[in-house]
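Given below, in the form of structure tokens, are the structures.
Two complexes, one shared chain (chain A), two partners (chain B, chain C).
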Partner chain A sequence: MRGGWFKVYALVYLVFLYAPIILLPMFAFNDATVIAFPLSGFSTKWFAALADDPPLHDAVRNSLIIAVTTAILSTTLAVFAARASTRYRFPGKAGLMGLIMLPLVLPEIIVAVSLLSILLMVGIELSILTVILGHVLICTPFCIAILSSAFQSLDRSLEEAAYDLGETSFSTFRLIILPLVMPGIISSLLISFTISLDEFIIAFFLAGTQATLPVYIFSQFRFPQAVPVIMALGTILVCLSVLLLSIAEFFRRRGLARSGTKDTGGFL
Partner chain B sequence: MTAKPTMIEFRDVQKYYGDYHALRGINASIRAGEFFSLLGPSGCGKTTLLRTIAGFEEISSGVILIDGKDASTIPANKRPTNMVFQSYAIFPHLTVEENVGFGLRRAGLDKAEMARRVGDALAMVGLTGFGKRAAHALSGGQRQRVALARALILKPKVLLLDEPLSALDKKMREQMQMELIKLQRQVGITFILVTHDQEEALVMSDRIAVMFEGRIVQLDDPETLYRRPKTRQVADFIGTMNFLPATVLSDTPEGCEVEVAGLGRCRIAADQAPPGGNGQETTVGFRPETLTILYDGQAATVRETPGTVEEVVYYGDMTYYDVKLDGVSAAVRLSMRNVPGRPVLDIGTRARVAWSPDALVLFR
Partner chain C sequence: MTSGGVLRRMGRSEAASGLAMISPTASYAILLLAAPLALIFIYSFLTDGYLEIIRTFTFANYLEAWTNELYRVVMLRSLMVALTVTAVTVLLAFPVAYFVSFHVDPSRKSLWLFLITIPFWTSYLIRVFLWKVILGYNGVVNSGLLGLGIISEPLQWINYNVGAVVVTLAHAYAPFAILPIFVALEKIDRSLLEAGQDLGESRFMTFLRVTLPLAMPGVIAAVLIVFIPTIGDFVTPQLVGGPEGRMVANLIQLQYLKLDNYPLGSAIAVSAMVIVTVVSLFFLYLNRRYLRGPES
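On to the complex of A and B.
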């Protein structure tokens, strides 16, 4: 059997990757406080407990506000940056782009600590706003990376053709460029949303009293009786992630089909 | 060509990209309704010149007049010119119909009129019935046609074509060349074609400007360009040309008396020999088809020189021979049409080569 060992390897790999995630719903529906086998019985009480947990609701609300705002802000900034870096030549471009992309490789804890010290120095109060600030900083490089490739694959003649046929630069952008980079914009929004939603270190340092979801979950692990509730919450989050990813992939494939470009990989 | 009005005029047009001097003083006028080609090797500035007409490149100095108006006062999206791009630049997210009708968006036409105009444009390029297709589902030749229809629908005064046929295979290219010529005659619009393919330029154009290194080195109709290229560079670029060293013995207003290596003494008419004094070491050029190998029993109509066949290249309808003429170090190339009774010669055969001084061009 050719490649037999590779098949075994792939199987082990997948089990290693997904087994913990499968455990999540198992214990979320288990009728016991202790996370251990054997399972003692089916119950939805942990999900019910979720509905009755105001601090959790606050954390979810904070996280959603932060993630949505971060996604929109960093994608908007990245559209400008990606457009400028792929279309125009200006002095110091390479250095400037390097600096913008740097947060991609900087240890997050360093970014978090330096942001915190500056905010404290300037005297800005820690809140959702300061978390958004930090998240935009770390999400923008990802968005630029995604959008640069979208803008890069755009034939410059398309813009010139639209302009040549009487459109203004603005209407050219709206009618030609925007629809063609839309799949990139949607991916950028989703990626930055996801990064922001589960980001812990920056949120932990900069959130002040307004905890985000990951910060809240972390704090709950101190109490054993809260763990099954977290399992229930995790189950919901996994389902949402899969749903979100499927939607993103659907749009990406539709975009590809519409513009007739070849599929060069995606999420699914 | 009786005094057609001028459509495009270049007056000492210069273009710099930083230190790079892309256009070095272009002076030319293009007549209304003519099929004009800008021909040259890559990097000669032909595409840059075309783009200055469209308004995609600003010129550093000089003047471009489009139909009498200073082009610098008209932005690219208001110029009476439309362009067919090398990549065709078909909008991939729109249908054929939406692509072709794109330029009419701002015309404020009602739906029926719009559909009629788009239908006419599609019919003109032979794509009736393709309107609802997605643009990306088209073949190369069809994309080419959509690009043409899209550019012509606004009825521009000038159609600019940037190497439009370079992406097509040979058969398709030859077919599109004929269609473009017919289309141009039909619509009567000035066509300006950029190409690096000398054959394409000769086939399609009323006049050709040959460009090298940012300059127009010769602007003539195809026949003059082929028969009497002004410089060795032009002669070399267009078709095949043989060169032999020559010495000018006498230079008169009627022509030149020259001594050509291997061919001997002969007279070249004044229009094929630019003036330049006696005793000069110069070059004489002639096309392969102006030489003929004489078979047994044939006599030369004008002059005859012996030589040895060095190389034979058989093309089916033609055979190319490289013949080393006696007394010349390099071989000359000549082409013979293959007809019954004229067997293809072997390498090493002694041959008599007939030629005529009328076919010689003197380069200073």
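On to the complex of A and C.
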């Protein structure tokens, strides 16, 4: 028998990972304001309440604007950095890459307060824009991690062949390199979108009066009567992120299949 | 055509091309990461005045952050909570990573990893809040146990304390620990294990003397990946910690957003960064010692 006790343990572990999330739909469809057992009956009224909540709609709109802009900007910045670090040798490379990747090993609260300090000193008003600045900073390292593996698996001779056939470096990039790393770019867009949508602490410090979705959810935690609505919202969010991740995983696997490399497992 | 010709056609040297290529990302990081970090470092040596920061150099903020009982207790608690969470998370994660790497059919490994990583990508705030709902005074555990008649009044010791913070964080960061350990285990040449057993070692001794040392870089990576964000976590102590469970991020937030004392807030933030760096370097050093070689 393969695994035996290990398999039992791993399954128990998965149950532990998913247990709290299972509670979300149970209480989102429960016909009671109090979150407690036993369940009292089926109801969709908490989902209906979501439709009639203007501050929530503003927060969703803010979050979507921020997440889409962040995804595009951080993936663009990551393409430059991943290309530079996998293709060229240049002085100061380790230091610059270290600085760019630093947010991965920096507690987010530090990023948040340092950005807040400099924005207030320069005199930039807090808004959606300032949240985007912070989110691009923390998403770019994740995008670089994804894109580096895409760029690394490129065959250098394809590029040289294109130069020899008279293409410029820009047209080579557009015609040869970009299509080959496209699956990496798509999964980088999706991952940075997901991170930005879920990020709380930087948005909490930098959003000013324009609350994002997590900031709005956090503000609702104070009101016990809002809890079932948050459960309904959480159910929708979990379904959406599972969907996005499945799409990201699909493109990641297709990228691996295209470049012919071995699957080394998940994205992180 | 030689590669020299290719380079000439590109018109620039490799170093210049590389620097040009990385310059947008690097400038962004310098402007919005290096400069802000430098600013809070400077702030931490200045004096807080009413409505403005007075530009006189002082060590008073650090003295306050490190000697005031209130701040010292919170910083020590953050360190202890982060270390406990890291130990629990990594110890619980190792067997799962081992199972997926050694016992799962290669074609199904991706599926297992996907299942393990999904909870990590779902809303962090909601996951933490669910623990508040589970462990709360009128929460799922208490109402369930009351309903079943096992207890006669709600349990108090499961909510709003350091224990609840540890449980919630250990759950939230569980998937983080599995992936680096898995990657390290995957790299191990399986013939080494056969060699160990052929030479008369038991399976357990082979694990201790071959598998574990080779997996150590992954274990250390997992330790750092869990330790660094947990010590700076704000949401969990805020929601489930109660007054006794506050951590350093809550302290920094208090100084910045509530008391408007940027110099002291910066001094605490810089101190937290120093603690994180020292502990991280210590783990990296342990890794080197354990491997007894220059490989990290």
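A few points about this structure:
The rule is simple: the second predicted complex is superposed on the first by the 251 of 268 C-alpha atoms of A that agree within 3 Å, B and C clash if a C-alpha of one lies under 4 Å from a C-alpha of the other, contacts with A are read in each partner's own complex, and residues count from 1 in each chain.
Heads up, the rule we're going with is that contacts are C-beta pairs under 8 Å (C-beta built on N, C-alpha and C of every residue); 3 or more make two chains touch, one makes a residue touch a chain.
Predicted model, so just to flag it, every value in this text is computed and none were measured.
Using the contact criterion defined above for the overlaid structures, shared-chain residue A:Arg87 touches chain C, although it does not reach chain B. Shared-chain residue A:Leu178: touches no atom of chain B or chain C.
Here chain B and chain C are compared by how many residues of chain A each touches, and C touches more.
Once chain A of one complex is fitted onto chain A of the other, the partner contacts of A:Tyr163 extend to both chain B and chain C.
Of the two partner chains placed by the overlay, neither chain B nor chain C lies in contact with A:Ile124.
Of the two partner chains, neither chain B nor chain C is touched by A:Ala32.
Look at A:Val15: by the touch rule set out above, it reaches neither chain B nor chain C. Of the two partner chains, neither chain B nor chain C is touched by A:Leu243. In the superposition on chain A, contact is made by A:Val111 with chain C only, not with chain B. Residue contacts after overlaying the shared chain place A:Pro214 against chain C, while chain B stays out of touching range. Comparing the two interfaces of chain A, the one with chain B and the one with chain C have residues 160, 163-164 in common.
Every residue of chain A that touches chain B in the complex is listed here, in rising order: 155, 157-158, 160-168, 176, 179-180, 258-261. Interface residues of chain A, counted against chain C in their complex, comprise 2-3, 6-7, 9-10, 13-14, 16-18, 20-21, 23-24, 27, 34-38, 76-78, 80-81, 83-85, 87-93, 96-97, 99-100, 102-103, 105-111, 113-118, 121, 133-134, 136-137, 140, 160, 163-164, 169, 194, 198, 200-201, 204-205, 214, 217-218, 221, 227, 230, 234, 237-238, 241-242, 245, 249, 253, 263-268.
Residues 54, 56, 76-78, 81-83, 85-89, 91-93, 102-103, 105-106, 134-137, 150-151, 154 of chain B are the ones touching chain A in the complex.
Touching chain A in their complex are the following residues of chain C: 1, 3, 6, 9-10, 14-19, 21-26, 28-30, 32-37, 39-40, 43, 92, 95-96, 98-100, 103-104, 109-110, 112-119, 121-127, 129-134, 138-140, 143-144, 147, 171, 174-176, 179, 182-183, 186, 224, 228-229, 231-235, 239, 249, 252-253, 256-257, 262, 265-266, 269, 272-273, 276, 280.
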